[in-house]
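One chain, chain A, links the two complexes that follow: it is found with chain B in the first and with chain C in the second.
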Partner chain A sequence: MRRLVQLGQGEKSAIPLLLFLLIGFAAPLLAVIWFSFMPARTFSLFAAPSLANYATIFESTSYISFLWSLGLAAVTVILLALICYPVAYGIVRVFGKWAMLLTLLFTIPLFVSENIRLYGWILFLIKNGVLLGSLKSIFGLELESILFTRTAILLGMVYVYLPFMLFPMTLGISMVPSETRDAAFDLGASRWQVFREIELPLSMPGIVIGFLLTFVLAVGAIAEAKVMGGQRIIPITHDIEIAFTYAQNWPLGAALAVLLMLVVGVLVLLALRRFDLDRFLGRR
Partner chain B sequence: MAARPTILSLKSVRKIFGTLAAVDSIDLDIGEGEFFTIVGPSGSGKTTLLRMLAGMEQPTSGDILLRGERINDLPANRRPTCMVFQSLALFPHRTVGENIEFSLKIRGEARDKRKARALELMDLLRLPQAYYGKNVMKCSGGERQRVALARALAYDPQILFFDEPLSAIDYKLRKTLEKELKDIHRETKKTFVYITHSLEEAMVMSDRIGVMREGKLVQVGSPHEIYSAPTTRFVSEFIGDVNVIPVDVAGDGLLKSVSLKDALKGPVPPKGFTSGHLVIRPEFLRFIGKASEADNSVSGRLYNEYALGSRIQYQVRVGERVFIVEKLRQQMFTGKLDDEVRIGWDAKDSILVTD
Partner chain C sequence: MANSSKVSRRNFMQQSALWAAAFAGGGSLLPGVASAAREKELNILCWEGYNSAQVLDPFRSSTGATVKAESLTNDPTMINRLRAGETNVWDLINVNNPWARKVMAPEKLIQPLDKARFEPFFDKMMPAFKAPYKWAMDDAGANLLGMAQRFGPYSFVVNTDKVSRATAEDQGWNLWNDPANDKKYGILESDDWNVFCICCIAGFDPFKVHNDEEVAKFTETAKRVFKGAKLVGDIATMNQSMIAGEIDFHLTGGTYSASPARADGHPEIRGVTPKSGPMEGGKGGISWIEITSQVNNPQLSPLASDFLEYVQSPEMSHKVAFAEGTFNPVAQMGNPECFKLFTKEELDAIQWDSLEEEMARSAEYDIVPDYDKLLDIMTAAKREASGG
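Moving on to the complex of A and B:
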């Protein structure tokens, strides 16, 4: 008996997992992509495909939402990097082998729903809330609330995504062997030179992973703009949600989602090409 | 060897961690161009001592003088000394060339000058020039060793410190690298201060050896002195297999041991020496026929034999006591296991030591 493809034991064992991935992961993704080529405001997958939805998007002002999403994500990532690197550095240098455990404590808030945490901030920041109310009754100070501004949105995003930057950064910094630090210092390097020549490049894998992780997550952020920003800004995720819900225009929503995936995918690939993780780890 | 001017001087240097004196009142002078090795078991404080010399730790009290100048508070990056680490601490994200040139780059030397110096050092250490652009993590253990040494030499230090750099290397390569290091020492004429837990390694390379125990320097001397005239039982046992018999000095100058019935003839005990240990190296013991053939003799049972390459070792049991006898292969003993044998040694081949 002749077979076209001879399957080994390993390949056969992989079939269930492969099927699971196809049905659970690839199929919905393909469905969304396929939906983006269907006529607007239809719910069938069997019409003639066209690029009409994409044409609509390029004629509309959706690019503003795209820019808001990408811009907010970029600023969030930069703020997180500035906040997390020193924190991670301190945690690793002070707590040594306990650093990773300590960093895990920062992820405890993740057990509480993001919306609840954001509403917590609202209570804290709102006019006559915990912060402003206390200031008013104790010191008689009356300040403007920062709620429902872009600053508030950024605050929310930085707060929500902090663990996702801190964790890989702590990992990255703890991967720098302390003897290489000593060796560079011993060879005449100043503290700043040790940082620039040794610590920064050797912790780069953690930094890059943190950047990518938080950027991808932050581009998909929606609750921060809605809750903390009071819908002052409409990020692209919000547009997608509207298309799928109120507007009942699934094909348009699908096209927006596909475009977002493309933009983020291309940016991530570019970053990975620029920062070769293997090279940082000395494997190449 | 002619007396050398002192380059590094330690004056009652101590380092206290909590309540533990890791390094306890060490006085030591190291000569210009000397290969000085500090030997001690792990936890004896030798690494702490070296880190103080290199400027990575500060002494709790005492002074470290470099050519007469106090350098206690001078940080490592401003000391004209350099260290080769146990882990080598190579920079994994850099090439062989970039590793070697690191200190030159820090000093701001021009690229072509840096490269010329790096290639020169690679020649000295027998690293192929083609390795200049090779990732350092792709090098073998022995090559990495040479890169680490080249990187330290590029700094042009007045003293080179070594923190057991050969401890993780397999036996055969280690033997080769020990000799190479001694050749490099001769070639560069620099002062080397080396740390190891292996007295054997120290013997091969050093001009002088200091033996450390529990933070104290118990004996300093040439390899020959350490081998043939240890002053304590600890030093004598550190070198390897050795016969140690606890003894008390009797009135007539003879030595009495509880475990042996005959009194022993040994070296004349120093003034005030009343009890200690008699040390006899296994190569000084011999199989004899009659008790009169040596100053001292004991008879026992040949229990086992071990082939050690060029030498053969025999275990002889005399009552509860175990004696180790060593012979060259050519002078192999022909007795059978469990034979009754007599072993002897001369008084001049034994050493009296304190505990």
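Moving on to the complex of A and C:
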């Protein structure tokens, strides 16, 4: 009580919001962490905690799923960087009045559910579907479908996460002052030098945010491997889903989720140590 | 401004006390409120179909009730929702046959129905469902635990343009033991049923405890079957892939999964029940029968039993059979008033021509005693198939 009296008006007013955050954000996360220490296949949070679920994971082949998730996310980020930088550059510097239309075209698909978009790809790519069926009837070409392969999964991931790389990059490139570029050109820099020494470093905040955002989202991807990959690959998120559904092994699912959070958290922290966002954003 | 937003200690304590009283009072006050509110509220946990507007809307408008239905596509998840404490949320649960009698009743997750009110409905059902119907009763045969409605054979599905029905019925589960069929088949994302199918492919009955030799055979078979699959996916993907020619057949499947494609003008997509197999009595296939039960909810909605009675009518039974999603035979087709509502196209979609013989060749879905172990082995096999 005495402590409460000492709280300032601001702190007191913040109490409801803090409680809301504690209940709505921290509590479920803590519950998942605590659940991971419960005995396998229990639904109670009150059993004696142990590390058995983690031992099960390390003894199993779950590493395959972790590696697929991390590997696919890394390749997706690289592909998206290569695809998005020129497009973002075009939107900011080249396309002029068409830039808005292009931005809209990249934004509109976000209003449609991811699953529906992926099923659209199935109809497009499936044997005798829109693409292969048309090639067959028009040119007599009989090609194998890429559906249900790793290539199809990557295509799905690149397609779904493209806006999350493109828009931060567009922002990053738009942060590069035209005067700095002009000055570099006036001083005799080549196009390559301007790109390497001016545009790339100054647009780095957008690039890094795009990398991080896309990587974190892509590590959590599940629908692309399930729908377009025909489950030829089981990412870690699918393993977690199986644990929580068919296996009804919530503690194991929780332990997998905690490990995924740890792995992604460590990787993101390492990236942030390498690329200091505050410095990029000019805060120090 | 400062005055109007000022939070004095006294104000703060008063407000906190009010909120605390509201929460504390919840323990004694809210159930009363909830109970009164539940007169016009019904919550249903079910397989898809019972949650469709065609089934629910007439009930909503005739009772003025708020009816919520959540659809899930596997039994263990639904049962465990009740085990995890959701018995105070749901009024009705609709799962496959063994769960009411063997799991939910012994664990007191469901409560019996009024026998006098509901047993007469079984007499109007197809002959196999006449009272006392095994899966609707408890072990002692005293209590009625639920109502039967949708059912069907569920083994595998073939595109008969690629593999004839006769070949598929004769070869049965050995279709998956023939290396020539690698990458010609898909696997439905239905992991509990896939455990049954892998047991059948391995040559033993799924619904018993398995010895070490059988577990080793299961492990080898699961690895081989998943490695040889072209894809694993949902019903829509399986049907689409068979129609497009990506695959020729898939497990697990039957009337339930093939009917949407058949209703859409693809009679070549057909659920098949093998002529013989490893199940008791040499039966080759597996069938399911849904049982809908009243949840042991401390404040069970009075509408739960009304809804169960409502879906027994010929019109509603027909709607349940052909609700959105999948199409299935219903036990109420034994009543000529219900049967006459089905068109020829609808009967073709649910393979009425072979329903009786397929059910006769099928063992009824049962609990797999070592399901957890077999599922873990199968999940690992699926994961390892993606590793190479």
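In this section, the second predicted complex is superposed on the first by the 267 of 284 C-alpha atoms of A that agree within 3 Å, B and C clash if a C-alpha of one lies under 4 Å from a C-alpha of the other, contacts with A are read in each partner's own complex, and residues count from 1 in each chain.
By definition in this document, a contact is a pair of C-beta atoms (placed from the backbone, for glycine too) under 8 Å apart; a residue touches a chain by one contact, two chains touch by 3 or more.
Treat the numbers as computed from the prediction; the structure is a model and nothing was measured.
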- [ ] Could you let me know whether more residues of chain A are touched by chain B or by chain C?
- [x] C
TODO: Using the superposition on chain A described above, determine whether A:Gly129 touches chain B (first), chain C (second), both, or neither.
DONE: second
Open item on the list: A:Ile233 in the overlay: touching chain B, chain C, both, or neither? Say first, second, both or neither.
Closed with: second
- [ ] Give one of first, second, both or neither to describe whether A:Gln193 is in contact with chain B, with chain C, with both, or with none.
- [x] first
Open item on the list: Identify the residues of chain A that lie in both the chain B contact region and the chain C contact region.
Closed with: none
Task: Contact footprint of chain B on chain A as seen in their complex - done: 177, 179-180, 182-190, 193, 197-198, 201-202, 279-284
TODO: Can you check the complex and tell me which residues of chain C touch chain A?
DONE: 5-7, 9, 12, 74, 76-77, 80, 83-85, 186, 189, 191-192, 229-233, 236-237, 240-241, 244-246, 372, 375-376, 379-380, 382-387
Task: Footprint of chain A on chain B - complex, ascending - done: 54-56, 75-78, 81-83, 85-87, 89-93, 102-103, 106-107, 135-137, 151-152, 155
- [ ] Show which residues of chain A lie in contact with chain C when the two form their complex.
- [x] 4-5, 9, 12-13, 41, 43, 60-62, 64-65, 68, 119, 122-123, 126-129, 145, 147-148, 226-227, 230-234, 239, 242, 245-249
